[in-house]
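Across the two complexes that follow, chain A remains constant while its partner is chain B and subsequently chain C.
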Partner chain A sequence: MSKRMIAALAALAVSGGAPGAASAQEVKIGLILPYTGPGAELSPNMDRAIDLYQKLDAAQIKPFKLTIIKRDSKAPNGAAAKVDTQELLTQEKVDVIAGYIYSPDAIASAPVITAGKRLAVIMNAGTAFITNLSPYYVRTSFTLWQSSYVMGEQAAKYLHAKTAVVAYTDYPPGKDALDAFKYAFEHNGGKVIDAIPAGGPGATPDFTPFFQRAKDEHPNVLFVFVPAGDQATAVVKTYAALGMKAAGIQLTGTGDIVPDNMLQGMGDSAIGLITVHHYNADLDNPQNKAFIAAWKKAYGADATPDFTSVGAWDGIAAIVHALHATKGKIDDGAAAVKSLEGWKFASPQGPIEIDPQTRDIVMNEYLDQVYKGSDGKLHEKVLATFHNVKDQCKALAIGPCAPKK
Partner chain B sequence: MSVAVSRAGDAAAPIANPAARALMRRHRLRWWEALPWLAGIAFYFAFPDYLSFGCDLIVTILFALSLDLALGYAGIITLGHAAFFGTGAYAVGMLASYNVWTEPITALLLAALAAAVIGFLSGLVLLRTAGLTLLMLTLCTMALLEQAANMGHAYTGGFDGLPSLPIAPVFGVFEFNPLYADTQYLFALGVLFACFVFVRTLVYSPFGQSLTGIRENILRMHAIGSPVRRRVLVCYTISAALAGIAGGLWAQTNAYVNLSALGLDRAATVLIVLILGGYGRLYGAFIGAVIYLALEHFLAQIYPTAWQLGLGLLLVLIALFARGGILGLGEALWRRYGGKLSQRRRDGPTAP
Partner chain C sequence: MNAVADIAGIVLGGLAAGTVLFIVSVGLSVTMGLMGFVNLAHGAFAMFGGYLIVLAMNRAQYGFAAALALGFFGTAALSVVLERFLYRRLYRAGELDQVLFTIGLIFIFIAGITIVIGPEHQTLQLPAALSGQLNLGFIAYRTYSIFLIVIGFLIALGIWLTFERTRIGGQIRATVDNRRMAESLGIDVDRLFTITFAFGSGMAGLGGGLGAEFLGLDPQYPLEYLVYFLIVVSVGGLGSVIGVYYAALILGVLNFALTLYLPKGGTIFIYALTILMLLARPRGLSGRKEQ
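And now, the complex of A and B:
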């Protein structure tokens, strides 16, 4: 007994008192994603990224052991995610919360996160003002302002467009995309001549009447935001069917209209599309090459990760960094958040950083064009790279991003 | 007891007619009616980590109870009851979000008022129809309100909702606790109790009896001179007000409100909950909500990706074998076996 005690003390002394040196310290991560309902098709891409990170970067995680406790946030109404958050904190006593695909889930959970005093890593939800709601929120995904703002700027500067029509899905991300595009485009000499709300996020509408209206207005560019998924394919097909390209209208959008895992299904009508996004699977950097190779090896040659996978990958990397930086005391939420302020990471999407002021991601945005490669498949090439793009909604303090009095 | 003929004009005489006595006895409190409330208080002490879920449960019970009044008692077939839930939720949410009114109890009364106004105005038009037309029109009312809330996103927050609502302490003392939701739970339980006492009194009143009459045989009620349309409209308005309180309570306990308060999802779920428990029975709302939500919650904890299978199976079984819901099934079983048991007990033990 006493011998064992002495041995344990010696081990402790050798390891410099680092907790968990003798045996792997277990760290509980509560992962909240919609596994049922309309978001169910998005969660597997994030789950896979998290599994892959643990397999590939096992050495990075040592000496800690990550235990992931999954909870279903169900329909995107915030209520289920809030109960999940509360129970993960009080029953499972998790050290970190992660996930949130839909913005309402993160928005509703904010007061619980604040009261629970644990680090919460937002891996997808993109409404700009969310990080203002709790000091424990850190985001590794994106805001719509980041891509749409750059697109608006480049529509004027790169495409030399004078007029634009915006068609957007009528819910907050769509409105964010509209506001950001319009702000940047008009501050660079362009004019948005019409903004068309094109259905809701729940079902894929027939885009023909919306796009016909846009065509009749003869803009230089048509900027479209729809949620990545089936709607994107319908947008590209309708654009081609109405002959808008021949009419001289360039289709642009955020990367959501050319999601990596749906690109091949869009056919030749996608060729020539110009979008701005923080990730595409063809990005040429060593981290992405390794990421894609590992993904295809693990999940099949036809499987492709997309930007949601990268958000989850970067989120887990952030948690692992905070673990090491706090020497395992990641359950001290304030210290964990502090260790991530200004954190830099070489992500598959390029270099990223957490803004120390807003706890939001700062990253590259890429102006991409779709082309057909020699392998007969569709790819994206980067026309221009924009470094260290911040969320302009908070930087400019616009609308709900302005601090509440 | 001798059977006496009740004399007209003599108010003091005891009512001795057996049918009249049975009617009088129907609304008496029974011992088991204390059980849900004891269970509610026991839950508070036994599961302090589950009170957030408990609040959801209470809100759903109250919402199902309001639907029971319209659907179960007056026979108003509606698929748009979330319109009133949402109205109440937004009334509380917007008043709190803009710091106009954060006191929780009066806020709930305002929510009830707002929902009652919507219920009365829409009822004036809707309740002239019946059957599928009525069903579609209630659905339309809800969709119109939902779209209005979406278009007014500058004020309602739209799909993203109104975050972190400030709610004043109950009675100026008890603060809402975002992490453990203990104050919220007791507050919600109190609101549910008050609303239940009201609904129970209402359905056993002559007014409530006339509603049942309208549901069972509307022609006869017309024939005996009952003001059918007015009764139904009043019932619909009261039901809307209760749904508004449920919605307001939801906004308060969550400190959040978004478009989902007005959605078809919510309206359909509460209908399933009520049918599962058994409609037109007061306690159907309790049984249905507890079983549906508890199954959903705990199955989802264990199998976050496949829990819907278990819930689906239960609903299929109920639809196939228990048309009257769980309470209806219980009653049928009691009539079949329980009656015999008590009969046997009265006869005394028989020799083997």
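And now, the complex of A and C:
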């Protein structure tokens, strides 16, 4: 062994023995998002939010230094995400895992997360039962049950609809959206007359045949869930092109069909749409005003964050909180998770909290309607606010959230 | 509404989707028939043209017709460059080499578009005259679908007339039937290749833009629809415009009806039918006979 190597080893031993003593303690965050494939357009929204948090709230992060190690989850089927998770935990030895845009990514990675015993913050994936799959999962995004349940309730109460057709992307969160909407709508006197599986998350289908079928059934409302992104624009345009509005069918959905960053591209077809979601860029609260202003300053006047950005923003805030609460020992997964149980945060979407029982987010849901503002652009106005909405799938313990027998 | 209107809706929706497939695939059929070249990257030309059209409208404020012309000629020009420098070297290569080359080209296009334009979906903004509903008397249907069906019919008719009634059409038919003989009669086959390749690619580009309303437009486009383009060409028959037109319309209507009635995986029947069809008529609906 050469002298230089011995010196290097000695230096390593010293620096490893006294973390954060002289320089900032480095914390490695493994970030898993689809950088290629059909979800690639969603990743920049989240990357930008994470960069922005580090820039704006640098004082909050001190004395720690966040190192983000990015991995590509590719197609929304979980295969690559699982490999990424394993590689990040065993090779890169990250302290925390974060990300997961698509539910199959988080579902497939759950056993690896459990074995790796590190905190994993879900920043987007919204299938309700995911947090049951590993005790190290904490979610800062949403569940489809939160928005779809409220939408089902309001379709009956606010829109006075009697019948509904549901069209959903055929994978776990789509099934959640269907179940939640149907449960709430039918408990409030409505009837779901048809449920149409409309393709998978991988590619944007031509929605014409699905919506044609819905139109021929003459429901009062058409409730749609698709993963935000490309598919949302296609949904709104097809709804308009088939003349469903004139036929008296109101399009509703989760906020996934009107993502803030795509709203302007939808044109006037989007005006009047009614959705339920936990975030829209027009929300009137000081955190959101500051968030939007900072976003436009950093990324241009035409750039708009959307709910995926907020999920990432809150996720990084959660990780920073856990860092301080564990005094830097965030690699102790159990302690990190414990520090986040009951954590409260003033998010751009309004006040949020992590439910200590389920490790899932508790937040406000907003009944929104799209309108054209005096500036000629499309905006969303809040028709009603529902405070501290919990995930009803786990609260009611039904379907895939029921305790295993 | 009644059953007649429902069925009319299916037929019109399917014909419109089929027309898009026809416009994109017709070039593939002709170039495969003419040159025996397996150009899997044909969909990449469609995507390129689609991007030209949509970006010209959204970013450079082109009108719809001007953007379509740009898409056609822009894609044709690109294809001539690629044909001269790359494709030409592989005309005499084995089929596996051609497949590998064109699949590679697809990935280059996907990565290129992702880097230069971005991974996000591009939206076609239709002119006001083409959006909305058109009242046909017995049913009100999407104006754009009807516009597409008419355009597709005119294109099919135009290409068919060119093939059957003009000198260059005769030369193309002669070359498809027997290349050596055509060459020895003094037909400049190289020039013919370039012209048809450019035209076929231009049509694909046009189809990419016209069809963006149905097929969408993002960097994954050439892989997403490759199978459909190949089905249309193999069922229609290589080098046959009319065969490809029928095949595309049949595929469009069947796919639409199956998706509507059996939204969960009804489309597998398309593949089953394709296999049966090719077992019964290996050269397609009206493929030209083997020499």
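Please note the rule applied: the second predicted complex is superposed on the first by the 383 of 405 C-alpha atoms of A that agree within 3 Å, B and C clash if a C-alpha of one lies under 4 Å from a C-alpha of the other, contacts with A are read in each partner's own complex, and residues count from 1 in each chain.
Everything that follows uses one rule, which is that a residue touches a chain if its C-beta (ideal position, glycine included) is under 8 Å from a C-beta of that chain, and two chains touch if they have at least 3 such contacts.
Please read all numbers here as calculations on a predicted model, not as lab measurements.
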Have a look at chain B and chain C on chain A after the superposition and call it: clash or fit. fit
Looking at A:D206 after the superposition, I want to know if it touches chain B, chain C, both of them or none. Which is it: first, second, both, neither? second
Return first, second, both or neither, reflecting whether A:T36 touches chain B, chain C, both chains, or no partner chain. both
Touch check for A:L133: first (chain B), second (chain C), both, or neither? first
For A:G229, using the defined touch cut-off, is the partner it touches chain B, chain C, both, or neither? Pick first, second, both or neither. second
Classify the contacts of A:D170 with the two partner chains as first (chain B alone), second (chain C alone), both, or neither. both
Once the shared chain is lined up, is A:P351 touching chain B (first), chain C (second), both, or neither of them? neither
Return first, second, both or neither, reflecting whether A:K237 touches chain B, chain C, both chains, or no partner chain. second
In whole Å, chain B and chain C in the superposition are separated at their closest C-alpha atoms by 5
Once the two structures are superposed, pull the chain A residues common to the chain B and chain C interfaces. 36, 40, 170
Chain B - residues contacting chain A, complex: 49-50, 52-53, 56, 150, 153, 158-161, 163-164, 177-181, 250, 254-256, 258, 260-261, 263, 265, 297, 300-301, 304-305, 307-308
Taking the complex as given, what residues does chain A use to touch chain B? 35-36, 40, 70-72, 74-79, 82-83, 86-87, 89-91, 103-104, 107-108, 110-112, 114-116, 127, 133, 170-172, 175, 200-201
Can you list the chain C residues touching chain A in their complex? 1, 6, 9-10, 13, 17, 114, 118-121, 123, 125, 131-133, 140, 142, 144, 213-216, 218-220, 224, 256-257, 259-261, 263-264
Okay, in this complex, where on chain A does chain C touch? 36-38, 40-41, 170, 196-198, 203-206, 208-210, 212-213, 215-216, 218, 229-230, 233-234, 237, 240-243, 246, 265-267
